[in-house]
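Below you'll find the structure I mean.
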Amino acid sequence: MSTQTDNTSNTPSNDPSPKKGATGWVILAFFIIGFGFSLLSGWVGFPKLLYKEVPHPIDFNHALHMDLVYDGCDSCHYFRKDGSFSGSPTLDECRDCHGFVMGINENEEKFAEEYVLEDKEVPWNNYAKQPDCVYFSHAPHVKGAEMDCATCHGDIGESESLRPYQENRLTGYSRDIWGWNMSRLGEPEYAPRMKMMDCVNCHVEQTDSKGNCFQCHK
Amino acid sequence: MKIDRRCFLSLAGGLVAGHLLSPVPWKVTDDLSIWTQNWPWTPVPETGPVAWKETVCTMCPGGCGIKVRMIKDRVIKIEGSEDYPINRGSLCPLGYSSIQYLYGPSRVTSPMKRTGERGSGKFEPVSWDEAISEVSGKLDALRKNGQSHTVACISGSDKGTVPLLFKRFLEAYGSPNFIRTPSGQDAHETAAYLAQGHSDKNVGFDLENATFILSFGCGLLDGGGAPGYQFSTYSRFDRRHTLVQVEPRLSNTAAKAKKWLAAKPGTEGALALGLARVIIENGLYNRNFIENHSFGFEDWTDDNGAIHMGFKRMVSEYTPSRVAGITGLEARQIESLARDFARAQKPVAVCGYNECRAVADIDKTLAVHALNALVGNINQSGGMIVFPDPEYTVSPVEKDRIASTGLTKPRADMAGTDKYPQSRYLLNLLPDILMSAKESDLPVQALLVTGANPVYTLEDSTTAQAAFAKIPFIVSFSSFMDETAQYADIILPDHHFLEGYRDVPPPEGVGKPITGLSKPVVSPRYDTRNTGDTIIDIARKMGGSISNSFPWDGYEAFLKEALKDQYRDLSRNGYVENVEKPAALDVAFATDSGKYEFYPTRRHTTGNGDEAKLPGFKETDVPGKETSGGVILIAYKSPRIASGAVANPPFMTKTIDADMLKKEKLFIQINPETAGKLNLKQGDEAVIETSAGKASVKVDLYDGIMPGLAAMPAGLGHTAYSRYIAGKGVNVNALLQPVADPTYGINKAWGIRAQLKKA
Amino acid sequence: MEKIPSHTKKRHFGMVIDLDKCTGCASCMVACYSENNISFRDEESVKMLSTNWIQVFKLTNGKPFPDTEVCYLPKPCMQCDGKHFGHSPCVSVCPAVATDFDYPTGIVSQIYTRCFGCRYCMAACPYHARKFNWWDPVWPADMEKYLSPDVSPRMRGVVEKCTFCYHRFQRARQQAYNEGRPEDIREDEYQTACTQACPSNAITFGDLDNPDHAVYKLKNSRYAFRLLERLNTNPSVYYLSTREWVHRAADNYLEHEQPAFSEEQQA
Amino acid sequence: MTTPAIPEGVKRCGSRQFLLWLGVAALVVLWGVYAMYRIWFYGLNQTNMNNAYGFALWIWADLAVIALGGGAFFSGFLAYIIGLKNVKNIINFAVILGVVCYTSALLILGLDVGQPLRGWFIFWHANVHSMLTEVAFCLSVYLGVLIIEFIPVLLENPKIQKVRFFHHLSHNMHEIMAVFAATGVFLSFFHQGSLGGVPGVLYGRPFAFREGLFVWPWTFFLFTWSAAAVGPLFTASMCRLTEAITRKKLVKDDVYHLLAKISGWMLLTYIIAKSIDTIYWATVTAPSMGFALMDFYSNNPLYNIWILVAEIAVCGFLPALILITRKGRENKKLLFGAAILAIIGLLINRWVMVLQVMAAPLMPFQEEWFMYSPAWTEVATSILPIAYGIILISLAYRYLPLFPQEKELNPGN
């Protein structure tokens, strides 16, 4: 955008008497102020507005549990007989070990008192939760393509404490889906991003096809 | 430094440019569309482990085995069970839709006490204790007043352990008034009694093994009777099977039949006799059966030396040409049908069941039974099977003086009285009896209703409603807010069948005595109780001998005791077959002659002649005045409309064709020829009026209906349940009127004269 | 890029409906409602506002009483292969690829979250197989409890249609993967809800290109035909009828023309 | 010293009278806006559309306004590419009319889709095989072009001209307008055609389906052609209407005569092509699918065979013949009578190609025609563009020097 200020002869007849206007630099400064403000609010302020932090009901210690179980991730996140995936364990499954307050730590006590004894399912936050329109089956990925849990879920299995969970106020999605970096540039922060194109890219790479709509949608 | 307009323009430019390079517009656009993809008001079904559970459907008496797909504690889908011997995988639309009764606005969610006018649907929830105390209090007061015989129970079935508990309760309480709703069973029971001498037996047809089914108006594929059994039989039909349908209207069954014979309604008996004559004349009957196991085929002489006319001589008058004249068919058709039937490998003739109405023409039924006897298929594979009711082993009832006195009183519905000595239940007569009785000595002072919706299903339902309104105290045991529940003073809601135990007695008309067990697949969703438990609770509350007659902790304990050995198999397999084989012919008949009686010697008649006893054809009077330009209204069954005690759920209503129901208007089917005479066109608004009532309808021209008739589907026009069910079409029962058989009391009117006029 | 992923087997699912068997009972419709979370309203009699993925029509031969005949015709989405393979009438017009031809199965997909409700596909479909969500779906009282997580409930403003119960295919595949036999799915492992529900076994479903499947033989029967075949939509749904008038009622013919079946009958 | 907002040398009505005039139109707009609220808030159940009529009044209105708005591109084509100077005397008006028509079309499309917030999917997830995608792309780009063409006209307002930047901008834009006009013409040829392609490709709908050239059915070309033929007639008629309302001569008669002559010949060739197309379709295309011509015409008043006679003979050949004869086009009554007939013909054509396609039953066992009448919400939102157009044109007429010949023709002021 440029401002043409050359004074030619065909100035409109009703032009007001020429006054000295603002200089180009001032105008540019205004432009930069506006530009900078928008950039800053968009890149820094907007994400704070868009996402809300959702506290975890229990600060689960994966590392601690991994030491206690025999079968790695499969011990609690397993395939059912029909090939469906169990996801987060239910209270009944936790109860096998957590029947009563063991007093190991604050989290364990909270878990036992607020959930086990109250017979209430834990509303776990699911970082990788996909919307209802997505059909995702673990079986072809884990059993068919022999992928590791960490390929998609990162190193959550080794963590001692749950990393923060944020929810998109508009869509209800976990922030992991879009990725924590608003620009979606660079390596993902915790675990691979999970927007549709992220799935598609991998499918193209691995199967030479982006697949078909119904393969992943219901 | 000067700041002017251009600076602000520049600032705005900067803001816009920066904005475009920030994530805001793009992310908001994207997220807004994602928001529309996840609107919070569009439900997201929860996932979880899947489980399949087997049980038996009790939405109708058909007794189909089902498997229920569960996710956690939610019922997701119902499908037919392949291993269940009745339906073998088939299931009707009502079975599939029954989840819409487990969930949904039609449920009665807790005991209720009426607060508004009868039928207004105004109730307040009360506790079980309060509700049961109220009922037992009322019943106790009547009993103390010497009026125990004025308590009646209307039940949708008289088989199974829950009706057994009600019968037991009435017995201990002192009332003879256990009344089963009218059904196809009425005429068959009577015919089985007259021809075979059994008083407590079931008549079924082994359709699955038959090769030639001659159906006199049975809606085998119209959703009546035991639909799962009938559909699964039909699904296994191949080229060797033949279905012939005799019916004045091209029903779904007729459409699928190899041959559709549109005999005039009410003349089926004559057709059966005509066929019998051709069979006998051509020697196509089963000689062994006729010679060794039948009585009254030929003329016979009684103990007094009087000669009586035999069946053979009686039917000799039914020549094909005469029958053609009566039925409107061609003589040629009758002759060839008779030959095909008699020559078929396993022929069977059926009638009565699965018709849309319980029309009990004793003569017709006897004639059809006789056809089966002629081809010797009684108790044979693929034939007409007679088997006993399931036996229950429970201790005898303890009766006090009041009970014993009460039980000797005549029944309120006049069944078993001098007038109708051979009838068991005559609910169809009750409304008129109540209407003509004085308030002070109303024969029914308290009414218990279970598994039935008589306010809706009784013919001439307007009169029935008025009659029920007179009853001072009505208790409903319905799970749903049906029309009768709306008339009740107290509702003691039963579980949905997926929530509780219940034995499922052998379905009417099915050729094998299979008892099923309906088991809970989900825990009760609402404050409901199994009706078996409720009746035990009421009995307990009443104390004394009544309480003593109900020593069980609850219904399940009673069920186990009543079913004894069968219970284990039932709970393991889901069903038991009660008897291995039907009785052999030499022990099959309990008549005086010990044989199948073509001449029913026991028949109760007004006259004494052979004509009256033998099942000759008598024209039935159609109620109503004959007028020029009139039509005869008949009701028909559609497989897409539940017309029994339970209304059709929203899923089924959704399947109803646009030429059957449009907005709140029901279509009446008439032949284009009839329409021409009445000056009606397709889709015209019209008014149909009978002596029972009047309704506005739309006209549907259908070539498949006999000229002069008008047909309306049964099962619409509900006024209760929920807005998804009520207010759609007309209840055809409100336009029909029963005509009592002079000697048996059961309804024998197949239609009613009506005026159909353009609105 | 290939139309079919390297690890996927090519199949061509289709249906053969025996009209001589169909009794018009509507069990298929109801089973479909239940299987596919199809919403309902208190008013369903205006059929062009009612959502049905399969609908049973009643055909009559037009002859007067008592020579009248009736035939019931269930009509799911025809899953057309299109004039050119993969270019189904609806697929080629969708501006946003919300509906697509699924090459590995021959099923026309419909993605409700992609659809923005322009309804061009409905204008393109001669079978009226596609239904628009005019209203927000509402399940009264606690009826949401019976919704199946296998099929996503549709929001207002999008088009939906029969998917040949694709989720059942997914279910079968998942099981196969779990049992270490990926892509090896038996005929009986994947059957649509309507096929399974039909109490008179009028519907047969399977891979039209697989000689081991029942549909392969049935579709080549001389009694087989397809609906509006002359439009070149190439439906994957076949019908069987031994009645000449039914063949005639299933397509349009000029006065002097007649269905191939009739010519065969006369010959 | 204040600059008058009204262009120099022309006379306009008093502001009270003007506001009253605007107010009446604004009321109609408000009615439409209320309908828009109902539709966006409660969904398309507020309309009378159904599963048989997925396309209905709105799509017809869309096709109609775009075809009529075609005056903008074809006058642009004549003025800038062919170089008919005389047409420039009406080009500003044509552009404004175009802006009105195209913005209205987009607004109606925004209402018509079930999920407006996902509307951008048509660009982002485009299916290049879909005619609608082509329509959407060309339509939005062309609307951009129209707005660019409109800007210099807007900048002609004396108050705006006072700002030097805008003054120069308008001057420079005028110079490069030919480039935009050319782009616009190209885009228009395409999207007018794509709109014709919308019904033409529906091979499942024998009433609409046409064979064609490569991927384009004959309707593609017929739609472009008819829009080019009738669009300028619409511009001329609206111009004449403005003259009648303002009781002023705004454009010289020779402009009208020139447009009429061109349109007349365009219309004649179009209607001949359309007749050939119809005959081919009726005798070859449709019969191959088992349909005789009369299968498509019902005995109900709406979809009667007379609709075809009206479209081709009464509203096609008749106006074309009037317009190509000098006597015909130089008689004002005949000229505008013919123009109105031609416009009606175009509206009928678009109506038939949308509504009748939906109405005709396809399955022999479904004899009933699908009938439809629009709901008030559809009518209100379809009338809204007219009121909105009146407002925009009134404002433009009042404050912009739309008609270069006005001063000359009304020297009294």
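Which chain is which? They are A, B, C and D, in the order written, and residues in each are numbered from 1.
Criterion: a contact is a pair of C-beta atoms (placed from the backbone, for glycine too) under 8 Å apart; a residue touches a chain by one contact, two chains touch by 3 or more.
Computed from a prediction, not measured in an experiment: that's the story for all the values here.
Looking at the partners of chain A and chain D together, the chains they share are B, C. Taking the mean of each chain's C-alpha atoms as its centre, the chain lying closest to the overall protein C-alpha centroid is C. Note: the chain lying farthest from chain D is B, by mean C-alpha position.
For the pair chain C and chain D, the distance between mean C-alpha positions equals 40 Å. Computed centre separation for the pair chain B/chain C is 34 angstrom, with centres defined by C-alpha atoms. Averaging C-alpha coordinates per chain places the centre of chain B 63 Å away from that of chain D. For this pair, chain A with chain B, the centres built from the Cα atoms lie 57 Å apart. Each of the following residues of chain D touches two or more other chains: 115, 118, 121. In chain B, the residues that touch at least two other chains are 32, 35-37, 44-45, 47. Each of the following residues of chain A touches two or more other chains: 3, 82, 84, 131-133. Those residues of chain A whose C-beta lies close enough to touch chain B in the complex are 1, 3, 20-23, 26-28, 30-39, 41-43, 46-47, 50, 80, 82, 84, 86-87, 131-133, 168, 170-173, 178, 182-183. Looking at the complex, you find that chain B touches chain C at residues 36-37, 39, 41-48, 69, 71, 74-80, 87, 89-93, 96-97, 99-100, 102-105, 107, 221, 223, 227-228, 231-232, 234-236, 250, 252-253, 255-256, 260, 262, 525, 639-640, 650-659, 661-663, 671-673, 702-707, 722-724, 728. Contact residues of chain B toward chain A in the complex are 1-4, 6-8, 10-19, 21-24, 27-28, 31-32, 34-35, 37-38, 40, 44-45, 47, 49-50. Every residue of chain C that touches chain B in the complex is listed here, in rising order: 21, 23-27, 29-31, 33-35, 37, 40, 42-47, 50, 52, 56, 58, 60, 62-66, 68-72, 113, 136-137, 139-149, 152-157, 196-201.
Looking at the complex, you find that chain C touches chain D at residues 46, 48-49, 57, 59, 73, 83, 87, 89, 92-98, 114-120, 122-128, 130-136, 155-159, 227-228, 230-233, 248-255, 257.
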